[in-house]
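Next come two complexes, and both contain chain A; in the first it sits with chain B, in the second with chain C.
Here is the complex of A and B:
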């Protein structure tokens, strides 16, 4: 196996009394599109900031391209394309100045590709960032994050609060990055349908902990919704290992379940019930079930 | 009344800490005046306390202007979120304006009345009306949706001196204070009307945009992209720093020069002789127009002072207001912490050089101006038809040139040093440090001054003598050297500083320090024996004082602290 692009081991980060990241471990292999999902304040941005070296690990280690991003920011950041929800770009710059400035930092900057993106995103090169809409600013940020074909593209809630057209541009950028050999993407988003479209691995973060981190197909295969029919009416749902959420009353109860179908059948049998209906879950449903259960 | 209370409450809620601090300072200032009791015993204390009083009024101006936007903004600087409040436009405009006017008038009158009680010559009304009119003018200028970028800044730079000029001139011509106050009252009322009209326009989204620059097309960008490329990431970062922070110093110097130029060419007649540089080889002294005699030294003095004010934080930063961390754009630059600080230092040098370049151009413009020559022996003006250039030529000799060049070298370095003085506090992201550092420094200087000039009840000096003072300076230098070594060791260990960067920095720093030493040694050559004589000491101690002060003056610890603070804040290590 190749050396991982990102390797995080037992990462702990506290802000005052609040533990923002609690013993987080994660490995991202080259060519992976990793979707990071979680509620607001779950710790996604904190995790991404550690990857960028903008936060130093209090405990544990963070390696990006095999290097420590804090002690070697030049080595790490020159291979990363980064776009955040906040934008945080110097608004006094014009688009062409932003391009010229950014180009100097990346030896792999591709002028032709930058011009192509400029036209594709319909950006006015003479426009000042402060005078542009949020969507246009995101496009400008995406342009400078993509134009040097970075080995790792990090997008932190890039499509939050943006219209569908800009979101489509951002998704297109991720897909293009995947199409380039060996490129890796780490992106966090609330829009789980987007994550589901492009990610091949997901990590669900809650209260600074990774609840699930696996291949998207494996995650989807290991979650299901089922209806159980009991022989006798129940006043409350029974305890069942792997169950995430319950609803229903009397003899018929619906649950979301983490595990395979066979183990559910066996467990239901032990409780004196049988599975009368089962269906797969979307990523959004899995997220709601996991986060609601945790 | 509900609207007035709501808006006044929102001003209080947003700025309560500052307002309490300012009110506290007003009380402190009053106590200083009472303590001085009409005497001139502590001119430094009075001057420093008054400077802080000006800072208080500047802070109050910022509060009542709702100023949280870029000065280059083309629309109205009135906060747009307030346009959605269910209030009439006149309420939005007049409540903050009236509140500001009342605060300025009441606090100002209380202060001037108190001063007037101890110093009867001090005027009571017109200074208060002037600062109130200044506030109203700035509110009108910044809230009006002018469509030209930086027009607010330009109009402020023109408007304020004009306002002051048209107050001071009538007063100098013995026009009564009442008439001047009436004139300022009219200015205030006009500003209220302009501000109302401007905010009403801005609330309806009316703004006339102007752009004189040609449209930049993708094809033009593509054409330019080859020859406009930066040679290296460092060059790009230097450009960024220059645009971000470097322009302010030259712009302010240019403004001062333009104001002085107008005044300079208005004057006629000669004053002098100017004796600072001594007679020329024929024993003749120059005489120049009064404004040149007054402003030329003032300009030279002003540049390092402006650099000091800018260096203490009066500039655009990369720190976010919300959590005092770096803008992600800046923090995520693929450049080492040392590299980022180095580009800031280069930008400061370029800014200082450009500022002095402007002064040089200003002085060049003075060369053809007429001057006179005064004979020390006969005590008469022997030539009224010469020029400053011709007069200077008569002084040209190797020593004069060397002295001038040494002086220029020292003042450029002084400007640079003042510019970078606050980098470390700014980069720390700690608000208390950023604002506390200049205040603490001034307090420290006053404390040192008081310590060195202590006198017994009998009037005898009881502070340290000359030799002890020199030794204290060297002891501080030793402490600084220990601190610098600790920081270097720490940064080498953490990888913030590489041995190569350290070597390059050490070579460059040593060369600069050596050049500075030579320049200062040369420049103070004739003064050192005098110092020794005045303090009944040996020339060796005078030499030690000069070298010690030069070493003390170098900002090596501050530069190392800047790298340390940038590292801490960029990676939020704790």
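Here is the complex of A and C:
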């Protein structure tokens, strides 16, 4: 197997006495799209800041392209395209100034590609960033993050507060980035429907811990919703290993479940119940069930 | 090729693509020998991960529904699916069981279902009536 693009091991970060990241481990292989999901304040941005070398690991290790991003910032950052939620952009600049400024930083800057994106995003090169709409400013940020064809694209809540058309541009950019000879993407979002569309790996973060980090397909296949029919009415839901959430009453109870279908059948049988219905869950439902149960 | 993806239900996206391609072929909107869109194009149109589209194409290829040609792209198979007749009947039996169970719940009789199947088949063969 190739060397991972990002390898984080047992990362711990505390701010004062608050543990923002608690023993976090994560591996991202080349050519994959890792979707980082979690509630606000779960630790997504803190994790991303470690990848960019903006924060130093207090415990554990962070390696990006096999290097330490804190001690080797130019080696790492020259290969990363980064767009943050509020685009910490020099808003006094005009679009063409921002492009010239960014081009100077990156030897791999592709002028032709930049012009193509400019046209595609319908950006006015003479417009001042501070005078542009939030959506257009994000597109400008995306342009300079992509135009040097970085090996790794890092997007921190890129579509937060943007209209659906800009969001589609951003998702399109993610897709093109990996369709372009297997580049890699790390993006955080609380819009799970978007993550479900474009990610092939996901990590669910809660209170600084990683609840799940796996293939999206594997995660989807290992979660289901089922309805159990009991012979006698129950006053409360039974204990069943792997169950996440319960609802129902009397003889019929519905649960969300993490595990494989056969173990559920066996567990239900032991409780004297029959599985009368089962269905897959959307990523959003999985997230709610996992976070609710944790 | 008209495909719609939804994230609302639990069906994995690759499977949604597989099922809809099968439907498009069954209803004659994709014909044998027709070229499928390249993975990258379909991924961009649907805004889904190219690996997901690739997986859907792989499934379709394994089932013999599409054929990949070495030099060019992916095409709808000339020969039709390579599933054995028994396998086909098994899949259909499962579907019919589900249909019958649901119909019973809705108190719709067998004759009515048969009539509905004929109607739908007529539409599929002759296209939607123009209004």
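As a convention for this text, the second predicted complex is superposed on the first by the 294 of 294 C-alpha atoms of A that agree within 3 Å, B and C clash if a C-alpha of one lies under 4 Å from a C-alpha of the other, contacts with A are read in each partner's own complex, and residues count from 1 in each chain.
Going forward, a contact is a pair of C-beta atoms (placed from the backbone, for glycine too) under 8 Å apart; a residue touches a chain by one contact, two chains touch by 3 or more.
Quantities reported herein were computed from a predicted structural model and do not represent experimental measurements.
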When the two structures are superposed on chain A, do chain B and chain C clash or fit side by side? fit
With the two structures laid over each other on chain A, which partner does A:256 touch: chain B (first), chain C (second), both, or neither? neither
Where does A:201 make contact in the superposed view: on chain B (first), on chain C (second), on both, or on neither? neither
Contact-wise, after the overlay, does A:213 reach chain B, chain C, both or neither (first, second, both, neither)? neither
Comparing chain C with chain B, which touches more residues belonging to chain A? B
Have a look at where A:222 lands relative to chain B and chain C in the superposition and call it first, second, both or neither. neither
According to the stated criteria, A:136 is in contact with first (chain B), second (chain C), both, or neither; which is it? neither
With the two structures laid over each other on chain A, which partner does A:46 touch: chain B (first), chain C (second), both, or neither? neither
Shortest Cα gap between chain B and chain C in the overlay, whole Å, is 25
Within their complex, state which residues of chain C touch chain A. 5, 7-14, 40, 43-44, 46-52, 55
If you look only at chain A, which of its residues touch chain C in the complex? 32-33, 168, 171-172, 175-176, 178-179, 192-193, 196-200, 217, 220-221, 224-225, 279-285
Residues on chain A engaged by chain B in the complex (per definition of touch): 52-56, 70-74, 76-78, 80, 82, 84, 86, 88-94, 96, 99-101, 103-106, 111, 115, 118-119, 124-126, 130
Applying the document's contact rule, which stretches of chain B touch chain A when the two form their complex? 70, 72, 213, 215-218, 220-222, 225, 228-233, 235-236, 239-240, 243-244, 316, 318, 320, 325-337, 339, 494-495, 570-573
